[in-house]
Amino acid sequence: MNEKNLTDLLEKVRDHRMDLETAVSHLKRLPFEDLGFAKVDTHRAVRTGFPEVIFGQGKTVDQICKIAESLAARSENILATRCDRNVYDEMICRGMTCRYHEAARIIVVNPAETKPVGSVTVISAGTADMPVAEEAAVTAETLGNRVTRIYDAGVAGIHRLLEYATQLQRSRAIVVAAGMEGALPSVVGGLVACPVIAVPTSVGYGASFNGLAALLGMLNSCASGVSVVNIDNGFGAGFQASLINQLDRLTAGSES
Amino acid sequence: MNEKNLTDLLEKVRDHRMDLETAVSHLKRLPFEDLGFAKVDTHRAVRTGFPEVIFGQGKTVDQICKIAESLAARSENILATRCDRNVYDEMICRGMTCRYHEAARIIVVNPAETKPVGSVTVISAGTADMPVAEEAAVTAETLGNRVTRIYDAGVAGIHRLLEYATQLQRSRAIVVAAGMEGALPSVVGGLVACPVIAVPTSVGYGASFNGLAALLGMLNSCASGVSVVNIDNGFGAGFQASLINQLDRLTAGSES
Amino acid sequence: MNEKNLTDLLEKVRDHRMDLETAVSHLKRLPFEDLGFAKVDTHRAVRTGFPEVIFGQGKTVDQICKIAESLAARSENILATRCDRNVYDEMICRGMTCRYHEAARIIVVNPAETKPVGSVTVISAGTADMPVAEEAAVTAETLGNRVTRIYDAGVAGIHRLLEYATQLQRSRAIVVAAGMEGALPSVVGGLVACPVIAVPTSVGYGASFNGLAALLGMLNSCASGVSVVNIDNGFGAGFQASLINQLDRLTAGSES
Amino acid sequence: MNEKNLTDLLEKVRDHRMDLETAVSHLKRLPFEDLGFAKVDTHRAVRTGFPEVIFGQGKTVDQICKIAESLAARSENILATRCDRNVYDEMICRGMTCRYHEAARIIVVNPAETKPVGSVTVISAGTADMPVAEEAAVTAETLGNRVTRIYDAGVAGIHRLLEYATQLQRSRAIVVAAGMEGALPSVVGGLVACPVIAVPTSVGYGASFNGLAALLGMLNSCASGVSVVNIDNGFGAGFQASLINQLDRLTAGSES
Amino acid sequence: MNEKNLTDLLEKVRDHRMDLETAVSHLKRLPFEDLGFAKVDTHRAVRTGFPEVIFGQGKTVDQICKIAESLAARSENILATRCDRNVYDEMICRGMTCRYHEAARIIVVNPAETKPVGSVTVISAGTADMPVAEEAAVTAETLGNRVTRIYDAGVAGIHRLLEYATQLQRSRAIVVAAGMEGALPSVVGGLVACPVIAVPTSVGYGASFNGLAALLGMLNSCASGVSVVNIDNGFGAGFQASLINQLDRLTAGSES
Amino acid sequence: MNEKNLTDLLEKVRDHRMDLETAVSHLKRLPFEDLGFAKVDTHRAVRTGFPEVIFGQGKTVDQICKIAESLAARSENILATRCDRNVYDEMICRGMTCRYHEAARIIVVNPAETKPVGSVTVISAGTADMPVAEEAAVTAETLGNRVTRIYDAGVAGIHRLLEYATQLQRSRAIVVAAGMEGALPSVVGGLVACPVIAVPTSVGYGASFNGLAALLGMLNSCASGVSVVNIDNGFGAGFQASLINQLDRLTAGSES
Amino acid sequence: MNEKNLTDLLEKVRDHRMDLETAVSHLKRLPFEDLGFAKVDTHRAVRTGFPEVIFGQGKTVDQICKIAESLAARSENILATRCDRNVYDEMICRGMTCRYHEAARIIVVNPAETKPVGSVTVISAGTADMPVAEEAAVTAETLGNRVTRIYDAGVAGIHRLLEYATQLQRSRAIVVAAGMEGALPSVVGGLVACPVIAVPTSVGYGASFNGLAALLGMLNSCASGVSVVNIDNGFGAGFQASLINQLDRLTAGSES
Amino acid sequence: MNEKNLTDLLEKVRDHRMDLETAVSHLKRLPFEDLGFAKVDTHRAVRTGFPEVIFGQGKTVDQICKIAESLAARSENILATRCDRNVYDEMICRGMTCRYHEAARIIVVNPAETKPVGSVTVISAGTADMPVAEEAAVTAETLGNRVTRIYDAGVAGIHRLLEYATQLQRSRAIVVAAGMEGALPSVVGGLVACPVIAVPTSVGYGASFNGLAALLGMLNSCASGVSVVNIDNGFGAGFQASLINQLDRLTAGSES
C-alpha cells in the first residue's frame, strides 16, 4: 500500500464513500501489508524473477512434494535442494514435471528455459568437493545465469587453474568450493577483480573437523574480495553469485 | 605484457632490432609478468581504480609510514586500516598529505575527491558495533562508492530499520555489522533483493566468545543472499560491497 | 512431616503413648522426610498437580514400562518423553492406558482431561523444528495449560509472525524453538512483555554444529526477558512455561 | 496508536476537522507506530511500568550520560548497568539525580520509591559470584520486586541453603548465580516448584574456560524448571525473574 | 635383577665360573631388566596381585582371545573390558574359563574367588550411567575390593543419597559416575572425607557434547578431594579406587 | 546430633523436663544438624585434623584477612591459597601469626608443627611448572604429610626421573604437575603401583591453549591409576594426595 | 621449457624458420609451462622417482579405477590409499596388475621391485594404531625406503621400546603413530637425533575427541625435532619420512 | 658405557684389579648411564655438534642467566630463545659473551663461527610473521646451516615467491611461517621436492583464534611433504630443518 492508496482511502472516508469500520479494518492490516516487501516468498519472487526454493533436508518426501505442488501452481523453475532420488521418483509418480540433477541433489520443478545472462564461474578444489560445487552451479543455472565449471583445480595443481585465466577475468562472480585447508579462494581472490564467494566443504578427515578448518581458513583469507557461506552451502553461494551477476536487473530503475 | 607486446618483441627479434640475449632476458620474466593480472598490488590498482591498502595491525609506525610513502609516490586514496592516531601524527610530521577517520581507525593517504557512484548501505546493530561499521563505510567511500549509514538498528528495535525501507531497496550492496547473537543480517536479508555482506563483531561478553556466536549465527542465516567475512573485518566487507556495487565498471567489455 | 506431625509425635512420647525406640526410629528418618519438599518425584506431584515424568532416552523399553507401571498405580497424566512408537506398542500390550503423540515422541500414561488454564504459546521457526516444538507443546498441554501453536514462522518471514500479534500479547509464557542461527527468540522477545523460553534445536548443518550456533545466538540475545534451555529440550521449555503460566496456583497462599 | 486513536483520526477526516495531508502524514508512520508493542524503549515502558535500561559496557562515559539525560526527561528508575564509579561521578557533575550500587556496578537514574511486590530470591554460590548476583538483585529491586538475597550458599555447604527452605518455597522466581561447575541451580531446582533462572558466572580458572563449564552444566541440569541466561548476565536474570514475579500485572485482563 | 644377583654374577666372573662373553650378554640386558619395576605387564602383576587387563575396544575378537589365552596361562582374574557378548561366546568356544558381566561389558578370564577387603562405593547419578558405573564396580570387585553400589542417586533426588550416609562415611574410596551436568561428585565430595574419583559419562544430549559438560563440571568441582578420569572410563575409576583402598597392601613395608 | 542425643531429648520430653515447643524447635533444626557430617567447614576439620582452607583468588585483601581472622580464633594451619605477598603483609600488619610460601603463593595462618606421616611425592615436569607443584607440596606439608619434591624431570630427560626410582616406589601418593603435552603422568603411572594425581598446568604457548592440551593428554593417559584435577589446581592435587596418604587415620575404625 | 628451448625458439623466429603467430602461441603458454616444476603430478614424478598417489576416500570405485588406469599407462608403484578391498577386486576384474595391503588399506598398482635404501622406522603405540602405522610403512616401502616396524611400544611399556635402541639410532627418519594422549613421539624424540614425524591417530574415546588430544599433545611436544601431520594421516608421515631419508637423491647436485 | 667399557670392567673384576663393591656401584648406575643416548642435554650435544638450548619464556632473568653460565662453561653457540633485551643486558653485565638477535628474540651465548652447510630456506607470508620466521632462521644459522630468507611472500602475491624458484628447488629443507589462513605451505609444498616444515603463527584477528585457523589449515594441507609444529614455534621448525639438512653428518656411518 503506497501513499497514493492511502490518500485514496482517506478521500473515500472524507467523502463518506467508505464507513469507518471498513477503513479501520484496512488500516489495521497496514503494518503487515506495508511490510509487503518483506514477503519474500511471494512478492519478491514475482518482482525479481527468482524462483521459489525448498530446502529438502529434514523434510519428509510427502512434505517436500506437497510444498512443491503448492508452489508449482504459480511458479516455474522451483528449486528443491538436498533431495535424494526417491523424492524425484515420488514427484514423477504424482505427475509433476521436474528434472533431477543427481550430483547436485537438486530437483527443478516446472523447469523452464531461460536465456542465461552474465558470467558465473564455479570452481572446485577436488573431486570430492563436486557435489557442493554442483549445488552452486545448478542453483545459478536455474536462476538464469551463464555458468562455467572449473573442477579439480586445487592449490597443489595451480597451473590447471591458470589455464583458465581468461575465463576467471571474464567472470562477474566466482564461487569456490574447497575442503581440507580451504586455501583455494585466497589464490583465486588474488587473481581476479570480481567478488569471490567461498564455500567450505566438509571434505577431509581428522583435523578438518568436518569443514571447520576450511571455514576458518576462508574467513581468514588474506585476499580482499572474498566472503564466505556455511559449510557445504552450495545453494547459498550459487544464490548470492546470481544476485551479484544479475544485480542490474534486480535494482534497475531503483534510483530514478 | 599482453599479446601485442609479445608480438612486438618477436618482430624486433625477427627484424634483428633486438639481440637474442635481451629477448631471452625479457621472456624469462614473462611467467611472472604475464601472471600480471595476479599482481594485485600494482597492476590491478591501475586497471580497476582501486587504491592500495595497508593493513596496519602488527606493523610498527615506521613500517606503515615507509610503505605509505612508497605507495604515495604513484597512487591516490591509499587506505591504511587499523591505525591509531599516532600513526597519523607521524605521517603529518613526515609531510605526507593524509586524512584520519578516527572512528574507523583508517588513514587515507593522498586523499582525492571522487564522484561517488551506485549505492552501498552500511548498517550497524548497536552503538558498540560502530567502529567496525565505520571501517566498512570509510573503505567503501574511499573506494568511490556512495555510502548510506544506518546505525543502531538492532533486532530489538526493528521498526527503526523499517523506516529505511526505501533506502534498503535502493541499495546495490548492504554491509551489516552486528555482535552478540548477530541476527540482524538475517532480518535484512529477508527484506532486500541485493547481496548482503555480514560482519560479525567481537562486541558482547560471556557466551559471545569474542564474536564466535555472531559469526556462527551469520553463517547459519536462514536468509538467502547473505555471505560473511571475518570477525571485525569491516574493511573486507566494505571492499566486497564496493566490488559488487562497481561490478560493471570493473568487468565492462569483458564479455564483448 | 510437618510441624504439627512433629508436635503430635512428641505429645505421644510425653503422654507415654509411644515408646522411645519407636520415636527415635521415626525421627532418625526425619532429616530425609523433613527434606520432604525435596522429594520431587512424589511430594511435589501431589502438591502441585504436576504429573510424573520419565525421560525415555537411554532406557530400554522394559525399563520405561516398569517405571511407568509403578507410577501409573498412583498418578494420572504421566509423561514419558523421547519414546519411539515401539515403547507405546509394548505399553498397550501390557494393558496400560496411554496415548501416543508421535510428532512429540511423548507417551501420556493414564491420560486424564484437565481444564486448560492461562495461555502458553509455542512457536517454531521452521518445519524441521516441529518435533522439538511439539515436545514443548504436548508437555505444556499435559501439564494443564492452554497451548497455542504458531509453527514455521522464521525470521525470513516475519510478517507471518506479526499476524499473531494479538495472540503473542495475550500469552503468559512463550516457547520459541529454532535451529540454524536461532534468531527468532530475539525478535519475539522484542515484541512481547511476557517471559520467553528459547529452545535451540539441532536443526541445521555445517557451522550449526548440531545446535551450538543456535544455542550461542539465543544466549547472546539482545532482547531482555529471554532465557534458554538445552538444545532440543522441548520438554524443559514446556515445563518451565507451565511453571510460569500456573505460578499463582503453585505458590498461592505462600506469603500469607 | 490503538484502534480508538485510529477511529478518532478517521472521524476527524470524515468530519473535515483534519486535512488529508496531515492524516496521511500520521498514517505513514502507522506501520511503525502500530507495531507499537514492538517499541520496547518507549511504549512498553509506559504500559508495563518497567524502566529504561542502558547497557554501559562498550559505551563512553559521555555516551552513557547523554542517553541517560535523554531518558531522564520522561522516566524514573532508569537502569544503567556495567558502569564504573566514574560514570556515576560524571552524572553527578552534570546535575543528574542518581544512586550508585557499587557491587552491582549499576546506576539508577531518577530513583523513585516503589512498593515492592511478590518475592524474588537471588542466590549466589560463592563470594566471587556476588557482583553478578547483585546485578540481578538490584535490577529486580529497581523493577519493583521484593528481593531476598542468599549469598555464599554453594553446593559444598548445602546445609546453609537448607536453612532458607521456607524462603525458597515462598519465592515466585529464583535467580541462582554460580561459577566453576555451576551445580547449584540443579540442587535448587530440585527443591522448589517455582521457575529458576540460572546465571553462569565467569568465576573460576583453568577448565572453567571463563564460565563455559558453568554454562554447560546449567544447560544440562537434570532438574526441570531451570532455564539459563548468558555468562555473567545478572541483569537478564533479574529482568526475567521480574517478568515472572509480576506476570499478572503485565498481562492482566489479557484473556478477558 | 637386584643387587644380590649382580654381586653373584660378578663373583662368578671373578672366580672364573662365568666367562666374559656370557657376563656381558647378561649385563647388556641389565638396563631393561633393572628397569624391572617398569615392566607393568608382568612384574607388577606378580608383586601387587593385580591381574592383567585387556582393553577390548578397537581389537578384533581374535586378537582379544589370543591375548587372553596368552595371559590365562599364568594369571587369574584377567579383565577384558569393552567386550561384547560375542567375544565371550568365542572364548567359551575356545574352551576358556570365563565369566561375562553384561552390564559392565567385562569378561573375567580364569575367575577366582578372592576375599574382598576394605570398602569401595560406586555411585551412579542416573539409570543411563549404570554401564559405566558397572564397569567401575566389576573392575574393583575383580581386583579384590568389597564394593557397594548406590545407583540412580542424582542431585535432583539427593535425599536418596543421604539415606546411605553411613555407607558413604565408611568408604575408603568412592567412584561417582554421572552424565549431563555432572554435579553429583561435588555433592558427594562435600559429604565425605575419603577420596572421590569422578567419572563423567557421555549420557545426555545437546549441550552435553558427549560428556564434555560433565567432564568440565567435575574438573571445576568446588569440593576438595575430587579427581577425574576420562569420559566413560569406568575401568580407570575402579582401578584407582582399588589402588587407594588397598594402598597398605601395595606399599606395606615400603617405609621400614 | 547422634542417636544418643536424640534419645536424651525424647527422655526429657517424656519426663516433662523439656516442653514441647523447645523440643520442636530443636528437632526442626535436626535435618540440618543431622546432616552434620556435611558441615565440612567446621565439623570435618575437627574430626579429621584437616585445617581450614581459604581460596584467595577473586577475594579482596580485606575479605581474605577477615575470613582468616575468624578461622584463626579456633584453628591452626589455616591455608590461604592464591595469595600475593601484599595479603601476607596486611596479615602481619593486623598482628596475625602466619608464614608465606612465595613460590606456592600460599599463606599458612597459625602455623603449627605437625609430625609428617607417610610419603607423598610431588613431581614437576619443568621449571615453569614449579609454582603449581609448590602449591601441591606446601598444601600436603601443611596437612601433615611427609613430602618429597622431584622437580624439572620432564619426559625428555626421563633418566633424571629414573634416579628416583626408590623414592617413587616408596610413595603412597604421587602428584605430577606438567604443562605443554602433559605426558609425564603417563610415564610415572607406568612405573609405580600407588595412585597418581595429575595436574595439568597452563605452562606452554600456541596449541597448548592454556593447559587444554595437557589436560586432554592426562585424561587420555594410557597408564591405569592416574586421575586428574583442574588446570593449575595444585591445591586440589595436594589435598587429594593427603587424603590418600592418611586414609587410615581418616577412616580408622570405620568398619569395626 | 628451459632457457635453451627459449633461445632455440627465438633463433627460429630470427631466422624466419617459425612465423610470429606460432611463436606467440608457444610463448603464451610459457607462464604455465615454465611453472613446470609445479606440475607435481607429472614432472616431479619423473624427476624424483616418486610414484603417483590416489587418495581413495570420497571417490567412487569407478573414479579410482579410471584414475589408476590412466596413471598405470606410464608409471609404476602407483599408490591408492584409503581403499577397501572391493576397489582392489574391481581393479583385478579390469585386468590391472596390483597388490593389496589390507591393514594399510593401500593398493599398489603396477608394483615393481625397488632396492630399498636408507632407514625409516615406523613405531606404533598400540595395537589399534596399527592401520595408521601400516599406511605410513607401506607408503614408505613403496617409495623405495628400507622400513623397520616397531609396533605396540606405548609409553606404559617403555622398556619394549628401549630394546630397539640400536635400530632407533640407526634410523634416518622415524614415524610415530599414537592415539589417546599421544605421548610416545616426545619420548622417542628425546632418544634420537634424527627427525621424528608424529601422526596422531583417532584411537581412543571420550576426551580423546577423535584424535584431538593426541594432536595437541604432539604439537606441544617438549622434545625438539618432532613435527606433526594430520590425524590418521599415515600416508603423509610415510611420504615425508621418505623425502627426508632420500633427500640426497632428490637434491643431488642441486648446489653444484 | 659401551660394550667395550663393560668388558674392560669385567676383566678388571676377573683379574682382581677392581673389587666387587666398586664394580657393583658402577653397574648399578648402568641402567641410567647406558640409557646414555637419552641424555640429550649433554651427550647428544657432544655427539651431534648441536648446541644447548634454553627456552626463556616463563623463566626469570636470573634463572636464564644461571643456566646460561652453567652451559657456557663447556659449550659454544648456546641458544636462549624467547628472551627480551633485558636478559641480554644482564648477561653482558655478568660478563658473558653473547650476541642478541632482536627480531628473533634469541640470545646466542659463546657465539662461534661455523662454516654453514647445505641449504635451509625460511619463508614468511607477511611482515607480521617475521619474528617467528627469524626465530627459525637464527636457530638454523646458529646450528650451522646455510640459511636463505624469503619474507613477505604471501599467497596473494604468489609471483614474488615464484621469482625464487631456483632457490626453492635448491633447498634441502624449507620452513614456512604463516598466520591468518596459513595457505602458503600448501603452495610451497606443491612446488618443491624437499620436506616443508610449516609454522602457524598467531598473526591475525577474529576467527584466526590466535593461530588455530592457520594450524588447522596446515594440518589439512593437500600437498604431500608438509609437516607442522606448534603455533609460533619458530625454534622447533628451524631445529627440525637443521636435523634434515645435516642428516648425513648426524647419522654418518650409522648403517655400516
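A, B, C, D, E, F, G and H label the chains in the order they appear, each numbered from 1.
Quick note on the criterion: a contact is a pair of C-beta atoms (placed from the backbone, for glycine too) under 8 Å apart; a residue touches a chain by one contact, two chains touch by 3 or more.
As the structure is a prediction and not an experimental result, all values here were calculated from the model.
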Chain pair with more C-beta contacts, A-H versus E-H: A-H
Far-end chain from subunit B, centres as C-alpha averages: E
Centroid distance [mean C-alpha coordinates] between subunit E and subunit D, Å: 51
Whole-Å gap separating subunit B and subunit D, where each centre is the average of the chain's CA atoms: 40
Gap in Å, rounded to a whole number, between the CA centres of subunit E and subunit A: 56
Contacts with two or more other chains, residues of subunit H listed in rising order: 31, 35, 38, 40, 156-158, 162, 190, 206-208, 212, 215, 219-220, 223, 230-231
Which chain pairs touch, all of them: A-B, A-C, A-D, A-G, A-H, B-C, B-D, B-G, B-H, C-D, C-E, C-F, D-E, D-F, E-F, E-G, E-H, F-G, F-H, G-H
Complex interface listing, subunit C residues touching subunit A: 127-128, 156-159, 162-163, 203, 205-208
Residue ranges of subunit C touching subunit E (in the complex, touch as defined): 31-32, 35, 38-41, 57-59, 63, 200, 202, 210-212, 215, 230-233
Subunit F - residues contacting subunit E, complex: 35, 37-38, 40, 44, 47-48, 50, 53, 118-119, 162, 165, 169-172, 190-195, 197, 215, 219-220, 223-231, 235-237, 239-240, 243-244, 247-248, 250-251, 254-255
Contact footprint of subunit D on subunit E as seen in their complex: 125-126, 154-158, 180-183, 186-187, 189-190, 204, 206-209, 212-214, 216-223
Interfacial residue positions of subunit D with respect to subunit A in the complex: 3, 6-7, 10-11, 13-14, 16, 20, 23-24, 27-28, 30-32, 34-35
